[in-house]
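Two complexes are shown next, each including subunit A; its partner changes from subunit B in the first to subunit C in the second.
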Partner chain A sequence: MSVSASTSAATYNSSSNGPPLRDRLAKLVPIFVLVPSIAASFLYVFVFTGWTLYISLSNSTLLPTYGFEGLENYASLWANRRWGIAYTNLFVFSAFYVVCAMAIGLMLALLIDQKIRAESFWRTIFLYPLAVSFIVTGTVWSWLYNPTNGFEFLIRNLGWTDFTFALTTDRKYAIYAIVITGIWQSSGFAMALFLAGLRSVDGDIVKAAQIDGASTFRTYRKVILPSITPIFLAVAVVLLQFSIKTFDLAVALTNSGPGISTTFPATYVYDLMFQRGQIGEGAAASMMILSALAVVLIPYSIYLVWHRRREAGHG
Partner chain B sequence: MAEAVYTGTIDREATRANTRYIISRVVIYGLLAIFSLVYIIPLFVVVFNSFRTLPEISQNGLIAFPQSFRLDAWPDAWSTFCIGGNCEGMQKYFWNSVKMVIPATIISTLLGAMNGYILSKWKFPGSEIIFTCMLLGVFMPGQIALLPWAFILGKIGLANSVYGLILVHCIQGISFTTLFCRNYYVSIPDDLVKAARIDGAGFWRIFYKIILPLSPPILIVTVIWQFTGIWNEYLYGVVLNSGTNQPITAALVALSTNGTNVRVYDVMSAAVLIGALPPLLVYFFGGKYFVRGLTQGAIK
Partner chain C sequence: MASLTIRNIRKNFGAVEVLKGIDLEARTGEFIALVGPSGCGKSTLLAMIAGLETITSGEIYIGDRLVNAVAPKDRDIAMVFQSYALYPTMTVRENMEFGMQSRGVPKDEQKSAIARVAALLQIEALLHRKPGQLSGGQRQRVAMGRALVRDPLLFLFDEPLSNLDAKLRVDMRTEIKKLHHRVGKTTVYVTHDQIEAMTLASRIAVMHQGEVQQFDEPQVIYDSPANMFVAGFMGSPSMNFIPGEIVSDNGRTAVQVKGVDGPTILPLTASHAARLNGSKQVIFGIRPEHVSRSGIGQKADIATIRAPVEVVEPTGAETMAVMRLGDQEITGRFDPDVAPVMGETITLGFDMSHACLFDPASRRLI
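Coming up: the complex of A and B.
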């Protein structure tokens, strides 16, 4: 601001009091340009959330109505068996998905970090699933899981004639089909983040460890990996966020079936709002998704602020 | 030279180290090869099946090398295949997606660049708070916005239209593009802007003469991010639009959950590839920027 004051001083017009109108207008240009975006974001973030919150507290069914009903929708949501299946699935999926995608991603990153040949070739292969939509991935994997011509057929043809791999047709195991496909899609992403982390580690510390005679394994375990703990947390949070929002994959892969066994919170919201005409309860379910995200993201952002302050303090 | 006695042990040590090195290399490349196979097989399966014949697929299964090669499935998937009662193939949905993704990407990227420029170089009291609020949009689940969008688009006459989806994606995209651009512009030295201001350059002039010429890397990252994100988006496409106004992701789901039909894997493979091709091309040609966008979007 002091700089703009000096510019206006330079073009100061002695015949008027204070800076000329043109300069005062010029100062407002950035704000004018920003206003539409602020308005749009405000609408999107606050108005829409408030709106949906309000609908979730109303007695809306097929159309939004604004008769206040309190927590009725939340109560009936939590009493619903299908919602129980949905959040159980979410827990199962999140646990396996986050842990396995991180483990595989870290392993791939460590492999690629060994000064290998054609690094970008390998990276390209591991990361391409991320460019493709969950819809495409889910569709293709649903074919691969199909017992009559997918994996099961292939393995049986190779000679293991009583091999069974019918995940998607089994109520109990269909969720693991989604888990496996999710891991396939996202472990390359975890790899890219870990790799970026590994590459950002101060080379001098690594050299010092090697001069001290530490083996490669020990150097990773004692020096490199501890210094990228923030990356672990970031990857976990991002993957968790993906899993809470899981929708496309479940739709394309199993369409919530067999039966309702692979219902997720997000697919249930869709179902309530647009198939059953219970938009009040659907809005309540979507508020629960938002709360789940908040439970993950608010502590994480507090941690980030704390971490940055601490870094700044030490620096 | 030193005593000859030692050379023997050194040689042995060297060979041992050498064998260990070779073994570790074999393990590393072996593991990489196994994992790449797992990653690449689904892609190969779709590509192969789009060239195979149906009898061959049902006889040898989906995961097999092609015995025949024909292109018939591609034009079929593009222009004659029936999806939800409409027998014009994927072309309409493909063009819907194109018409949606190009304006939405350009507008949201330009807005993001302007916002990022203001929020990093023209800070004003409260600009940090505004930035934080805009960031919240990055984390909002789409489900929250469904009913409000359906209502608003209905009111302004953009229900069930590609323009409605453009609007939705622009507004939803602002948070991402602003985040990307702002974080990039912060690293441009303030002195550069200050010097220009002292020389009498205004808001727009500084943007055109200083900021934009430095922007290509971040603009490419943002464009790629927005393009793939919007192209691959499904929820809004299926909820806000219906029938032949839906984007390609919705058509792909309609096509594969179409339970009554005999599964025509050859045509469906071609259709899936048509839907996956644009983001894949962007990824293969702009891979470096794609990865940069991912890591920035996730960590910052």
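Coming up: the complex of A and C.
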């Protein structure tokens, strides 16, 4: 009875009254397509974050256990000298890496914006490092930094026989080797975004500035660059979150050495969890990285929403 | 004295010749409109006057100075762009100050210039706002204000009203006319809207395919278009074109066209006949407002012809009717009181003193 009623209702629907079956299917398709990825995102982001949070509050060591220990793991993490080195490194690295990559990227973008010849050639050259994985970059640069076959070797062969360049073997300066390599890798990326921004500026505005008698420098400083501030922010946020997650570069380039001098939060997490069997403390360190990312990304998301509202408001 | 002289200007983009030898001049205080369909090279010509586009060949003088090699900022011009091109991160006041600051105008002079222009354009209340917080019409005013704070030799406008809605466009058109009357600066105004050109300009240059088709006063262009392109482009609805043959009718020269009951004779005026110069085939051109119901408002030189009415389009103030003439459609403009109805066959009167004759081969006015 109910079966026949529903079939007849379906035929009735698809023939005249209400949306036909095809339309209803068309409405359902996006849901079918989106549900798995939303479910997966939910699982990986929220469930595993929750799990990690729980483990960080537990007394887990080699394997997850669920004896509740409160903030014990956090306390021991912050008491650890190596964690102190890790987050100091993170601050140093982030500051130099973000500022220098942006400065160099902006400079390259401004140069390329001057209607140079073979523009796409230069663009490709500068963007190339980004296509190389951090592991490869780290390995190649570790050879370059290596005194016996890198820069030092090259310069000495050129005649300056007492030249020394041994960043990676010096506890104090090894972090700057990573900074330089990171900048090399990411400047092109910053350049590409800045160049896209410069190119998106309305050509008429630049012409108006020309008629208004502004020099090229003044046009950039007063008209073009101010109108791409959202891009500066976007580049800074992307680079900052790259730097917070720095792992492979440090592993490939110095493997946290010499000693523990180039430990990063992410390499330390790996060490705690998979080398020393302190899953609880490792999870606590992971949560600290997550909070650092949140400190960067949440305000940025709020800014984006606010910005979009404001744009929409003024049409 | 001429404020702007353009001699044989050509422009190539690669192999494409966009401007093919333009000659124009604007007398001091004159309002010149460049009008033509999209892509005919109006903006390119204006950009060359402004110095934003290089000159392939030819000469441009502003005042008495050859400016071919002079940078835009040194040409003593001000320009209003179609997109307004306001600096988005600056307030209205800063937008207007920017040019004066770049030129090192003293602070108190900047202040008084802004106060004067803001009052003129009634934008005092907007001075602290950013372009993003303004409506289209307000942005348009600010764009004009930015041009007006300087006292240039030449104002250049590139379709300044085409981003506004229809009502506002008409209002701003009037404002621009008033403004020009008050300021009295030589102006070159680009538009694709023939009504804007007619209402604003003291002289109009009609452009098509990179050439000036005709450069003259609005009424001359309307009454005696140099060729069929100008005749068809200026005026809405367009002029009707009817192919015909010159015949002699009882000793009077006439044009014979296809009518609903076979060939119809339209007697020409003496002045038209005198200009014929032996042409046999012609294109007979008549504007819709010179097509009326026969017998209404009797005038001399009315030629009558019968035509069935196919479509009637009332607009309120007047009624357009599309009628069939042989294999041709013609449009007439009627007083709503005497407008024909659909399906009716009426006797039309053509006002022959306002007709135009064109040569079918060269398409020029005879």
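Assume the second predicted complex is superposed on the first by the 282 of 315 C-alpha atoms of A that agree within 3 Å, B and C clash if a C-alpha of one lies under 4 Å from a C-alpha of the other, contacts with A are read in each partner's own complex, and residues count from 1 in each chain.
Simple rule for what comes next: contacts are C-beta pairs under 8 Å (C-beta built on N, C-alpha and C of every residue); 3 or more make two chains touch, one makes a residue touch a chain.
Bear in mind that the values here come from a model prediction, so they are computed numbers and not experimental data.
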item	value
Side-by-side fit of subunit B and subunit C on subunit A, or clash	fit
Geometry of the superposed three-chain model: angle at subunit A (Cα centres of subunit B and subunit C, steps of 10 degrees)	80
Contacts of A:A166 with subunit B and subunit C, given as first, second, both or neither	neither
Per-residue touch tally on subunit A - higher for subunit B or for subunit C	B
Which superposed partner A:K222 touches (first subunit B, second subunit C, both, neither)	second
Contacts of A:L233 with subunit B and subunit C, given as first, second, both or neither	neither
First (subunit B), second (subunit C), both or neither touched by A:F189	first
Touched partner set for A:D212, first subunit B, second subunit C, both or neither	second
Touching partner for A:I260 - first (subunit B), second (subunit C), both, neither	neither
Subunit C versus subunit B - closest C-alpha approach in the superposed model, Å	7
Residues of subunit C that touch subunit A when the two form their complex	47, 50, 52, 71-73, 77-79, 81-83, 85-90, 98-99, 102-103, 132-133, 146
Residue numbers on subunit B that touch subunit A, as the complex places them	24, 28-29, 31-32, 35-36, 38-40, 42-43, 45-46, 57-58, 60-64, 111, 114-115, 118-119, 122, 124, 130, 133-134, 136-137, 139-149, 151, 170-172, 174-175, 178, 194, 197-198, 200, 202-204, 228, 231-235, 239, 249, 252-253, 256-257, 265, 268, 272, 275-276, 279-280, 282-284, 287, 290-291, 294-295, 298-299
Complex contact set, residues of subunit A against subunit B	1, 3-4, 6-7, 10-11, 26, 29-31, 33-34, 36-38, 40-49, 51-52, 55, 64, 104, 107-108, 111-112, 114, 116, 120, 122-137, 139-144, 146, 149-151, 153-154, 157, 184, 188-189, 192-193, 196, 231, 234-235, 238, 241, 244-245, 247-248, 251-252, 255, 266, 269-270, 273-274, 279, 282-283, 285-287, 289-290, 293, 297
Contacting residues of subunit A [partner subunit C, same complex]	202, 204-205, 207-215, 218, 222-223, 226-227, 229, 311, 314
